[in-house]
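In what follows, a structure is listed as structure tokens, so that the remarks can point back to it.
We just call them A, B, C and D in the order they show up, numbering each chain from 1.
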Amino acid sequence: MKVSIGGVSMKNPVMPASGTFAEETAQIFDLSVLGALVTKSVTKYPRMGNRGPRIAETIAGMINAVGIQSKGSQVIRETSIPFYQQFNSPLIVSISADTADEFVDLAQELSVPGVAALEINISCPNLEDDGRSYAMDPTQTYRVVDYIRKSTQLPLYAKLTPNTNAITEVAVAAEAAGADAVVVANTMLSMVIDVETRKPKVGNIMGGLSGPCTKPVILRMVYQVYKKVGIPIIGCGGICSAEDAIEYMIAGASAVQVGTYNFVNPIGMVDIIQGMKEYAVRHRISSLSDLVGSVCVDEQTRIDKAAAY
Amino acid sequence: MKLLQGTVLSNTWVSPRYKHMSIHAPEIVEECKAGQFFHLKCSDSFSPLLRRPMSIYKIVKKEGEIHFLYLIKGEGTKCLANMHQGDQLNMFGPLGNGFTLQTEWHSLLIVARGVGLATMAPLIDMATKQGIATYAILSARTKGDILSADYMKECGAEVVSLTDEDRDSDVEHVRKMVENVIDSKSIDALFTCGSKRLTNMLKGISLQRKIPGQVAMEENMGCGSGMCFCCVKPFNRGGEIVNLRVCSEGPVFQLEEVMEL
Amino acid sequence: MKVSIGGVSMKNPVMPASGTFAEETAQIFDLSVLGALVTKSVTKYPRMGNRGPRIAETIAGMINAVGIQSKGSQVIRETSIPFYQQFNSPLIVSISADTADEFVDLAQELSVPGVAALEINISCPNLEDDGRSYAMDPTQTYRVVDYIRKSTQLPLYAKLTPNTNAITEVAVAAEAAGADAVVVANTMLSMVIDVETRKPKVGNIMGGLSGPCTKPVILRMVYQVYKKVGIPIIGCGGICSAEDAIEYMIAGASAVQVGTYNFVNPIGMVDIIQGMKEYAVRHRISSLSDLVGSVCVDEQTRIDKAAAY
Amino acid sequence: MKLLQGTVLSNTWVSPRYKHMSIHAPEIVEECKAGQFFHLKCSDSFSPLLRRPMSIYKIVKKEGEIHFLYLIKGEGTKCLANMHQGDQLNMFGPLGNGFTLQTEWHSLLIVARGVGLATMAPLIDMATKQGIATYAILSARTKGDILSADYMKECGAEVVSLTDEDRDSDVEHVRKMVENVIDSKSIDALFTCGSKRLTNMLKGISLQRKIPGQVAMEENMGCGSGMCFCCVKPFNRGGEIVNLRVCSEGPVFQLEEVMEL
């Protein structure tokens, strides 16, 4: 089950998705079973986050507009990082910022013992590009990743957004700028309206869609990115079972993150790890890495240009 | 908090809109406290996807039973309503902080409306067992919806019921009743759940009369256990506005901290 | 219930989505109840379409990779257009082409009596832009719509793709080039893999995701486009009930198209029309058009730049 | 074709993997023909979203009954399996073209495997009613899966059963049996359903011996009624390869038109 993602060794390829996991999870199961631990995105200074409601259920999914409520990097350094050291799983700290400079500050501040890698959340709207996110655009992605890369020795995972038509180009740019892995992907910008009150169901009007409804789209992105980058891909979007995780690996992911399903099943990640082991036995796979990118596709070239329908 | 499978003992209509469900879950019953809740998986399918928060309505320690009293509102509670005796219910809990009682309190006033009634019943039970007197003003749309009045009386409360259909449930009328009870019963603390307007009104009285109060709040939830910050609401804590998680820092909050809802 | 979309009067705002409706529907209910009729996209010459399987079910959705199986425009002119004239609902012919020239040829050929408007499917990969679709890019969209615009007097509806990060810019370009309405949107490029065989579940490897799982994303796009264009928007994506249709109208759609739900419920559009009438009565709305764009949003400006989470 | 609500009369396990469902749907029974199918809505929720195609297994005109015999495979058939007597089943059909019998035919050979058995039963019934003799070679994984043998015998067929567990179901063995039956019973037409390998084999025999044949095909479906072109397969029609819709141009096709599967 072992994998190595950008220099971080993990006992299995399953980790939580940022924002759906926290210290409280340790009350539910032993965190040492996880491939890695991933924090909620932290910002440099404390932030309130968005006004409520912050969550709305959709068909086979949910929209969240939490808005990075954060205690600030100092609190993380003083409390979360030491807390997670009791577990035998590498810690990945997710960082989020409104400017490239703030990203660099954060990366420096959080490059401390106990942190195995930094996940850079470049899929949130920023202040430098008119509310767009860096990861919507290859050039912006290169710029910010390159800048952060120079500020830390830690492995960097760039978390991409699905709200782009250029996911492969963005991934290629992240790789070129020195990212050690890409996380594909964050949530899909979405909206739901209550037809009785005519009000959006989340306070922020729009929010990010996650959960099983997103899987076919994100899986496709993993497949596309895999063909173009050499660094490992961490698949993230709608994973709710061992089969889903395996499907992502077959499409090209070296590891996976589980988000929304943690809410549905608080021990979901434990079940998924177990199910992946059973799949490997059933299919006589000695190493799960053999699955990565193993999708059976004939006439590969024809297909790349094929119509969606 | 535990993740467990409870067994449905009964699940019966108690009014045209409410059902009462009793669950056999002996492994958890000792941990449960009035004001806490469970996060329930209402179906095996992906729709509805998320769990549903449900207050503990009744704890029967001896029999290992947890009860819920719930309004059938949307898809999730519809699925709950379809469960039968013997079915397994996937429960996560107990979650959150329950009500707290000070040893020096002698009499409590409880004001609840709608689904909030369910939350208040075990508080009365707890207070009675500690020798504290309870007075409950219950409000609902119809007489049929004031379901827990009998159970509350059984638990030891003195109960008044108000309904929209009787046109005696408006906030001003409730305010007068509350003030009467406070004056005549020398109330030590106020408790409420289920109505924004009643909470606002009660907060005013609490501040004015310097009577402490607690309120059980509701908010849409993701994880139910403090991890996702989906359920936060702003509170006024010591003059500062802070976002607190209803699931883990609540659902019971001090009345004085509640912001105008 | 009446609406007028780019000069076409419809008795109600409900029509089928291209590719999910055909002459056979007339055996199920009287097509005259529909706001409009929309054909499967036709190409100039007959096309075989993609190899099977062409459809795979996903969670709360489906992926199709039909690949525009078409009998060619001549057959449509000789059989479908006359057939639909027996119904008292305007006919919208959807056209699809690999080049701008072919689009123009088609538009001219199909600008015949019996056709009320042309829907131009610019959301399929084309041959001029390396397998991308025109509607992924504002410049390409302008070019092709402008070119077609000059070749026909018929109202033109431009059908956009959600596989872009620039849906508003694309819609603005379509409007500037003379489109009379935009359809938001076509399917989302997706993939599913069978984990037992490791084969993609549709023969074409990737396909278009449709159905209720897509609604939050497409609804958000309608909301964004509504703020930027003056021409009517036809909302399309995951509509399965009168409430869904109303939700789209509140977000900014003047009419809606129903696709996948026709498979789930063959009389689905009839039910939706009936349900919308009942909603209007229940909410005392004299004209459904009053709903268009009526979403209750405070602090509008703040919001436009707001984080997804 | 109609969209209607049938009433479940019974839904019982007939083997560890198959269930037999009978439906009261008198308004549609007169239209139904062997080889046609219904597109069934297996659940009210959005998962599974699409309908499931299911062959007609039995038509009881007098009682207004339609029967299905189905393998529990994935989510859709699991939902079907959960239906109870009295439940309403949302049915769309009958769809597609059934089997056709020529008046000059006297004896038919039927070769079916797995879920294909269900499709063949009403063909035997129809043939018998027209005075045509039927010989059926049935193949399945286990003896338990050869469910319809008795019903087929009842309908008038002479039946041979082969199973993987008895190791007599391999294609070569079936081929020999088919040739024997053709020789000894002067078969006028061949019919098959349920196995690609058996279909290929039978097509070979059909061409070689110039005996016409029909096959009922399966493909994933969207609309089920000819509108969406999701269910097409390539066929060889008069030397030309054409994409035909299994739902509306089939599901029954001429054996000679089938392409190597």
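By our rule, a contact is a pair of C-beta atoms (placed from the backbone, for glycine too) under 8 Å apart; a residue touches a chain by one contact, two chains touch by 3 or more.
None of these values were measured; they are calculated from a predicted model.
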A correct list of chains touching both subunit A and subunit B reads C, D
In whole angstrom, the CA-centroid distance of subunit B from subunit C equals 47
CA centroids of subunit C and subunit D: separation to the nearest Å works out as 36
When the centre of a chain is set as the mean of its C-alpha atoms, what distance in Å lies between subunit A and subunit C?
-> 32
Multi-partner residues in subunit D (2 or more other chains touched) are 46-47
Listing for subunit A: what residues touch at least two other chains?
-> 19, 59-61, 64, 66, 212
Among line, ring, star, complete and other, the chain contact graph is complete
Residues on subunit D engaged by subunit A in the complex (per definition of touch) = 46-47
Where on subunit A does subunit D make contact in their complex?
-> 59-60
Subunit B partner, complex, touching residues on subunit A are 19-22, 24-25, 27-28, 40, 48-49, 51-57, 59-62, 64, 66, 69, 211-212, 240, 260, 262-267
Residue set of subunit A touching subunit C in the complex reads 19, 50, 58-61, 63-68, 124-125, 130-131, 136, 163-166, 186-193, 195, 197-200, 204-209, 212-217, 219-220, 223, 238, 243, 246-247, 250-251, 279, 294-297, 303-309
Across the complex, what residues on subunit D touch subunit C?
-> 1, 3, 41, 46-51, 92, 219-234, 243, 248
